[in-house]
């Protein structure tokens, strides 16, 4: 079943390369996403058996990521139906790459071999690059280039880290995750440390953690909203899954402290850096991209703190994906309506497009972790974990950075929603599909904000137990 | 056989240094081909007493991807750029060579602190791989053109690959093939983006961006 | 002792010009010509020795003694270098430093003489010579240090001599780089083609030849002779490293040495006919590569020693 889940999107991608009408490809993507989502839904009831001699295994961690990916693709597919009613651009490469991305991201979430994991993460990088240059403007090509180069080099470092891990595992003589975990005490400590640093830098680069975040504002600012949703909600969290796998190994080898300290440092850096840079930003997409760096920092922080923080980080993975859907699909729909996502061009959304305006407000509140939304709980858990671990300064820094982030985003978002438009805009009818996709994510955010469903909590607990707390 | 392995390791580092010292893009690509050819021989040298099918496959895969397809794709991507195009380094070629020599020394110095468990066939594998990776980084950072950055990336990959083949064989062949294929796809996509960039900037009538194309792309 | 020294000089003086003849012949053959006789350098020297010197009015004693000093320096260096089974008459620990020092002494006098003429082109050549020498000397030193470490001897005869032939099996990679570096240094120091063209007479691009423009007659012969011997010395250092073969028969050893020298000269001729002279501002990069090679060789030597 797992291999089919990888192969079907791949075959569909090949089908999307055929010369057919544009709308057919959109429906193909929708059908594939629906199929994918229903299969993943079935996995919640009945976990599939390992496949390919143990290369592919679905554990609770993978299940969380897989469900996130599935949901992201479904909402993007629905959004796209509306989007391509107004868009005349050729979508062959775009949709083929989306489908390939679905296939490879599925591979990431189920791969149980560190080498295979690397191959999968690298492939996701490659197939996401053409998505950024969908508009083929000069800026987007430059952003694509930057993304490709920075991430490729980062991932190359992760490959080096994987090889170091293989040296550390000289006595184990395999890179299968279960074998590594079982015989973790046999790993050579020095090489493991070196490998962990390289893996963190490599996958952290892909995740967009602070010192390696430079590609993010460019790429997210230039790419179309749908692509960014998959990158910010899916790709970065795929890299995070890789970091969680490393964390599993470190915990079993008794090196949690070492790994946690680096994670906490990078996490705090990724909280501080965007909070500083966001204050001068004029473009809503770039603004949200800084917010995305911040969320990645929270994830790293939660993983580093462990305990409640770990549970919070896993929960935050889900919320982060939902928030990204709201944020970037709204930004994408604004960009399509106004042909720009800069605050100078977009004003008075609440009058011209009331629903989009409300979604932007939700993106602001949920993105910065305000109360009724689920992000509030997950962020609180992570900060709470910092307090429990007696890292008071850390908790204070996180709160201050989140406050700064709120100021930075609200400065622009409120202006866009309530500002006085410079020229009267002829409001068109809002598209049902586009709004439905965003509304679903908003509803889920609210639902998880008030009540965490039983099966979800169970899976989150199982996943947290896997990392070893 | 050890002499051959050692000579291979050293030649790979040396070619990386020469790429750093080359001032023409085409020359850089040609030397990269040489480096990849030497690299592709390494699996055969390392298991010279009993060459397995895996080694032959790895060797053939490397030579066909890195020494044939990748340069072909790169040449395709730069077909509009003049053959004599200079590299435009941020720091001069002379200074780069001296820095490169120091980087090599650094790589060896770092390797002193790292003990490989088990019995590696050659003790030069680790320092030479590290040196190649560092030189690749140096090429990426100090050469401003897009193609040269790709070459720098490829040199880094060659360094990592040298590391992989010379030290151990814990990776299943399938994964190793996957890694090779990934790198090729990476270069392929980079070349397409590069081509788009060239087209985009060529159709532009403005002079400013044209100047920029010379600088960056 | 005196006899040995005299024999050493006699050997060098007699055989060195032959190598230059070999280079010229190889170049001619490659370009499809018959070429001059192998003994042409001897005829040139004889011709020059039978001529008188002409001095311009402005030159001082520096110009007059420089040919003698240059040739004398080369002859002194000869004494420290073994030629095949012919042992070096003078050898002591650390004589490699003396070799480099005496070589630079001769260079100093050549440059001083060039500047003494007050001829602007000679000054140009002198400045180039000084600049390239700075770089090639660093590379040469690196090579010598690496060789010292490889052979664990401080004297040149010890490194190249019969008692410790360098082993390619053990030290291969490091030795390979040292040899490559030394070869580049040899081409640069002797003004062979990728660096300088000995046959051209275009003042703007010449390095060595332009410095000899004002010399004439016996002085010029001294200078030529010195250059020829310098090539021989570098060859004599390089050949035993490339061919560390030692037999018990001195005659065979000498034959191997002679064959190596002729082969080296032929190689230089091939390099000269297959390459163009590189641009002056690239010469620096070539020499830096030679330095990097030697440095790399040194690192590998140290690495192997450390393990």
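Per-chain numbering from 1; labels A, B and C assigned in written order.
Everything that follows uses one rule, which is that a residue touches a chain if its C-beta (ideal position, glycine included) is under 8 Å from a C-beta of that chain, and two chains touch if they have at least 3 such contacts.
All values reported here derive from a predicted model rather than from experimental measurement.
Undergrad: What are the chains that subunit A and subunit B both touch?
TA: none
Undergrad: Which one of the chains is closest to the middle, using the mean of its C-alpha atoms?
TA: B
Undergrad: Based on the averaged CA atom positions, which chain is farthest from subunit B?
TA: C
Undergrad: Measuring from the mean C-alpha position of subunit A to the mean C-alpha position of subunit B, what distance in angstrom results?
TA: Subunit A and subunit B have C-alpha centres separated by 31 Å.
Undergrad: Please tell me the distance, in whole Å, between the geometric centres of subunit A and subunit C computed from their C-alpha atoms.
TA: Roughly 65 Å, centre to centre.
Undergrad: Can you work out the whole-Å distance between the CA centroids of subunit B and subunit C?
TA: Here subunit B and subunit C have centroids separated by 36 Å.
Undergrad: Along subunit C, where are the residues that touch subunit B in the complex?
TA: Residue list for subunit C touching subunit B: 168-169, 172-173, 176-177, 284-285, 288-289, 291-293, 295-296, 299-300, 302-304, 306-307.
Undergrad: For subunit A, which residues count as touching subunit B in their complex?
TA: Against subunit B, the touching part of subunit A is residues 113, 115-116, 118-119, 122-123, 125-126, 129-130, 133, 136-138, 141-142, 144-145, 148-149, 152-153, 156, 159-160, 163, 166-167, 169-171, 173-175, 188, 190-191, 194.
Undergrad: Under the stated contact criterion, what part of subunit B meets subunit C in this complex?
TA: Per the touch definition, subunit B meets subunit C at residues 3, 6-7, 9-10, 13-14, 17-18, 21, 93-94, 97-98, 100-101, 104-105, 108, 111-112, 123-124, 127.
Undergrad: Which of the residues in subunit B end up touching subunit A in this complex?
TA: 114-118, 133, 137, 140, 146, 149, 153, 156-157, 160, 163-164, 167-168, 170-172, 175, 178-179, 182, 185-186, 189-190, 192-194, 196-197, 200-201, 204, 209
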